[in-house]
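Shared between the two complexes below is chain A, which has chain B as its partner in the first and chain C in the second.
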Partner chain A sequence: MQRKSRGLRALEPLVWVGPAVVLIALVVIWPVVEMIRSSFLKISRFGVVQGSNGTANYEKLFAEPDFGSVMWRSLIWVVAVVGLTVLISLGLAQLFNQRFPGRKIARWALIAPWAASVLMTAIVFKWMLDPEVGMINMVLRDLGLIDALGGASADPLGDASTAMPWLIFVAVFVSVPFTTYALMAGLATIPGDVYEAARMDGAAKWRTYWSITLPLLRPALTVAALINIMNVFNSFPIIWAMTHGQPGYSTATSTIFMYILKNANIGESAAMSVVNFGMVIILTAIFLKVSRWKTEVA
Partner chain B sequence: MRRPVADVVAVVTAFVTFFPIYWMVLSALKPAGEIQSLDARPWTLAPTFEHFQRVLTGENFSRYFLNSLFVALTVVVLSALVAFLAAVAVTRFTFRFRTTVLIMFLVAQMVPVEALTIPLFFLIRDLGTAVPGVGLNTLGALVLVHLAFSLPFAIWMMRGFVAAVPEALEEAAMIDGAGRATILWRVIFPLVAPGLVATSVFSFITAWNDFIFARTFIISAKDNQTLPAALLVFFKPDENDWGGIMAASTLMTIPVLIFFIAVQRRLIAGLGGAIKD
Partner chain C sequence: MNKRLTGAALGLAAALVLTSCGADAGGAPADDKAEGGPVTLKMVAADYGDGPGKPNSGETFWKAIVDEFQAANPNIKVEVQVINWNDIDKQVATMVQNGQVPDILQTGDYSGFVKDGLLHKVDEIVSPNVQQDLLTKFAEYGKVDGAAYGLPFVSSARGLFYNKDLFEKAGIAEPPKTWDELKAAAEKLKKAGVSQPFGLPLGQEEAQGESYLWFLGAGGGYKDAAGKWAINSPQNVEAFTYLKGMVDAGLTTPNPGTKDRKKVWEDFAAGKVGMVNGGPMSIPIFDAGSVKDKYGVVPVAGKTGALDTTLGVMDWIMAFNKNGHPAEIKKFFDFFYTGDAVQKIVDTYKLLPVTNGGIEKLSGDEKLKPFLDALPNASFYPFTDPKWSEVSTAVKQTIGGAAKDPAKVLGDLQKVAETG
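So, the complex of A and B:
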């Protein structure tokens, strides 16, 4: 009884972390391994494995005429959506952190797109953008803007040049609430006396924000941006529900392309998934490197 | 500090963010003829509950609702428990495969779910023959898969909270003769509770709003369908029943929205712990 352990440190940590590891290994990692494996297999349209295919799936994928533009679009999609989301959220977090009469209501309203299903939000937007009965299109027409956008019959989602901005808008729309809340949480951790000191020194508001708030907000910003990068790159329901990647492949990102390929060639689709997965890992690594590099500079 | 600009931006933001939900509820209340009208108006003079009635009496809606609730709540409880234990392990201990485990958690967060439906389908099918209750067409399968996919993020968030608990507190409890279980559940657990609230919100929302897993695993068992099934019946190849779709989505969204608003304050506190470092 007197055999004193060194408290929690002497416990068997593997038993505690075990359930999580087993669950993730079985349900997440194993399917990933299967996905990688099937990217090297020849699989019939009905899912029958017909033996090894070497790197043929990858060669076929890279030879797809649309592959280059799809990858390029995925990159633009991530940079645009995450960039805009972070910028807008920085502003909103700063604003909603102040006290003003409508703050409570504004914060409640901001939570709405987060609570709603992303798929349903996308469907509602698609419907509002309908060329005939869509409410957004009608307002644009009434404002006389529609002529500038291609005449009375303009279909915002049917034209590649307007579809992509709308898709980015919806993606930003559903990403802003979480990001703003994460940044508000970050702002809440900054002690008030730091600002007190800045005011004593006579620092201007903008200068205070740039050299005090932003650096102190960095951990929150890093986490929020990182989660957004992963989510947005893998985002599927918005584009699928609104355009299916059409017209042509002009709004297809790598996730959408992967899904389209699945109907024709499971092996090639798996190869696309692997490339997709690799891209997320590389983007995350680059991002982590860059954000750490900033610490050393600061 | 307050300027009229703040009020204006706040009002505009609130308007924009709330508008799709407003439009959804409005469309659910509009009479059938008005929904697809060429002259859509942002109000209705003849609100009707006919769409709600159709949803509630039609496709066994209450059953689907309860199934969704069961899956989401089970996932929340199990995820909080498993993530808490794992977070304590990776923050309070150094063990041999610690780095490997942490990298695995991070990588698991980056997996595109849509790419895994085929292997997951086979996994669940095979698992069902070995373990009853988690095979195809069971709610257990949904719980298992959502639980596993919710863990990486949950553990990541919980780490910050566990790290914030002073180790001196554990030592003090130990000197008082507290056992491991007591320290874990009576000392650490209450202190990380705010983090668990935020984590729970995340696991709840993904499980509740899920379409893809529900459609992958629940193929033929009518009684084990979740809410997406109740919604998808209104999507028809010839013409979608928008009134039904919007009424079903309203019934699906409003409870979550109320829950979110209720925990809004804790959410900020909860996220704060996760990003502290």
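So, the complex of A and C:
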């Protein structure tokens, strides 16, 4: 064993990291390479590769009349959903961190929207908002807020101005459980004596929260928000199941737009994927910069 | 740091090796034919049923056909892979991209494979008597530059379904033939408390079909007589101006640009819709609802009179030439078209046959009569135009907006068709 040559020993770690590297190469790097490659190819709808297309796919994509509004909407979508999710989760995490009767049940109940399939949740909400048979519409009618079922007033998903808030609501609804649990885990790591010291110094409740809880929660908050940003940006099932991005493209984000393009032009759709990929990386970088994730918490 | 670099380099190398493998597989011959030995035909088919596990699933249907065929031809095996309609185009595209094409493909279009020389000509894969029995107008669409590559498989047509109970309640004597009559009937239905007098699905699922019926009603279409794109023709704008009036008056499905066909058909089945355009494929949905035996079918209403044409949608079956089994494929296709397989499809899925013989056999069916009558004179999407997939994608997504601003939205769609 001791006499093993230096060269061989240097290779030894490869045996250990090799499988992981191969796995990452296979499921992460390869698809990314293929995606980027496809975005420069001319591919017919039937899958026949007709050679290189230069940057034409990108030119066509950027010239789409709806491209600008779709990208803008994606940004609003991410900011709104992640922002609301984090705010609500901060409150819920605080609440569930207190001792109260039935806390166990309440914590379990919070898991439900997370455990259910996102697609299923979206479909359930679509039906609850159905103009003819939607539960929510029936309640609104019984409360006298809308006059009849079946008409435009009972069709919130039919118009972008009312559909977007509902889509955001559902996205927040399914994102809150994970975020809350991540923040609860963060809260559990804050030692009790810090609070005791604050109390002895006579710090007010808000002051304690602002100066102790939030800063100490930052690692958990950063991770939770980051995972949400990527998830929400790439989120597909909610919008697809509830509106297909319609009317027109007025509720479509870039992920939905990419999927629709796939039916018309595979190369252009691949170009959209690359732009999407770039957007996620940029968003993540900006977020990490802003949240100064590397600075140690005092 | 060094270790990380090694890892990254290794990953990159692995990625490169893998991609080149992928490209290589495309060029490798996939011929499994052994001289004189048994031949396996690979077939990919769309699922007309309700999905895997359901009694009418494509797997069950094809298994019965293939079992019978294999019993008669012990030297030929047929392996069928059934894919649902939402995924089949994308999956087949991936197969083609990777060079792993099936021998037989049954799906919604064939035209894109022709230019690259991937398909057998129809003469090579069916007998002349089968070819002659096909409806002429349908078989014509299977040709590219005079040579036939696609075999019409099954078709569907459209008609106007109306709810007899609701019509009686609203005091409407006859189903409408013209747009004026249709509007008058819708107004009466509305007064009688029907929430959706006319079901208008202009949502993504099949907006290109519903729109086409209205274009035809005004004498328009996707293309003009000379074969040029004419999506914003005065006729089409007139059709959508009429629809705008209907939508604004609350006589249709609300926000039609977001409503899928299936949803509106289900509303009709539940007795909430007075009239709706549908096809033979909607009959099972209606019969499962409360309107069973309480609805009628007539030709689609047009501007000045009922349409003498209809929207015909046909599906295709084709054979790829890569694996070189034309003789075996011919045996299978002849078996399929001359036996009772087509009849079985029609019965199981309420689709329409594409052969004269098939239509004759069905002529006794009252519910199917309006469709069968219209079939030989059907109008089709311009799907052989390479631009069609892009146009239809844009139509599906945006044409609902034409019920608000006809000239602008149809003009934008015309631009999609004309550019590139």
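The definition used in the following text is that the second predicted complex is superposed on the first by the 271 of 298 C-alpha atoms of A that agree within 3 Å, B and C clash if a C-alpha of one lies under 4 Å from a C-alpha of the other, contacts with A are read in each partner's own complex, and residues count from 1 in each chain.
Convention: contacts are C-beta pairs under 8 Å (C-beta built on N, C-alpha and C of every residue); 3 or more make two chains touch, one makes a residue touch a chain.
Note that this is a predicted model, so its numbers are computed, not measured.
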Practice prompt. Give one of first, second, both or neither to describe whether A:Ala264 is in contact with chain B, with chain C, with both, or with none.
Written response: second
Worksheet item: Counting only touches as set out at the top, which of chain B and chain C does A:Phe96 meet: first, second, both, neither?
Response: first
Item to complete: Scan A:Met230 for contacts with chain B and chain C and give back first, second, both or neither.
Response: first
Discussion item. Between chain B and chain C, which one contacts more residues of chain A in the superposed model?
Written reply: B
Discussion item. Which partner chains sit in contact with A:Leu75 here, chain B, chain C, both or neither? Use first/second/both/neither.
Written reply: neither
Item to complete: Considering only touches as defined above, state whether A:Ile212 meets chain B (first), chain C (second), both or neither.
Response: neither
Discussion item. Looking at A:Ile29, would you say it contacts chain B, chain C, both, or neither? Reply first, second, both or neither.
Written reply: both
Worksheet item: First (chain B), second (chain C), both or neither: which does A:Lys60 touch?
Response: second
Discussion item. I'd like to know which partner A:Val17 touches here: chain B for first, chain C for second, both or neither.
Written reply: both
Worksheet item: Between chain B (first) and chain C (second), which, if any, makes contact with A:Ala115: first, second, both or neither?
Response: first
Worksheet item: Which chain A residues are contacted by chain C in one complex and by chain B in the other?
Response: 13-14, 17, 21, 24-26, 29-30, 34, 47, 132-133, 262, 266
Worksheet item: Contact residues on chain A for chain B in the complex?
Response: 5, 7-9, 11, 13-14, 16-17, 19-21, 23-32, 34-35, 38, 47, 91-92, 95-96, 98-103, 105-121, 123-125, 127-128, 132-135, 138, 173, 176-177, 181-182, 184-186, 188-189, 219-220, 223-224, 227, 230, 233-234, 236-237, 255, 258-259, 262, 266, 269-270, 273, 276-277, 280-281, 284
Worksheet entry | Contact footprint of chain A on chain C as seen in their complex | 3, 6-7, 10-12, 14-15, 18-19, 22, 89-90, 92-97, 109, 112-113, 116, 118, 195-196, 203-204, 250, 254-255, 257-260, 267, 270, 272, 386, 389-390, 393-394, 397-398, 400-401, 412, 420
Fill in: chain C-touching residues of chain A, taken from the complex the two chains share
13-14, 17-18, 21-22, 24-26, 29-30, 33-34, 37, 43-49, 60, 65, 131-133, 148-152, 154-155, 157-159, 163, 243-249, 260-266
Worksheet item: chain A touches which residues of chain B in the complex?
Response: 1-2, 6-7, 9-11, 13-18, 20-21, 23-24, 36-40, 42, 82-83, 85-86, 88-90, 92-93, 95, 97-98, 101, 104-116, 118-120, 122-123, 144-145, 147-149, 151-153, 155, 170-171, 174, 180, 183-184, 205, 209, 211, 231, 242, 245, 249, 252-253, 256-257, 259-261, 264, 267-272, 274-277
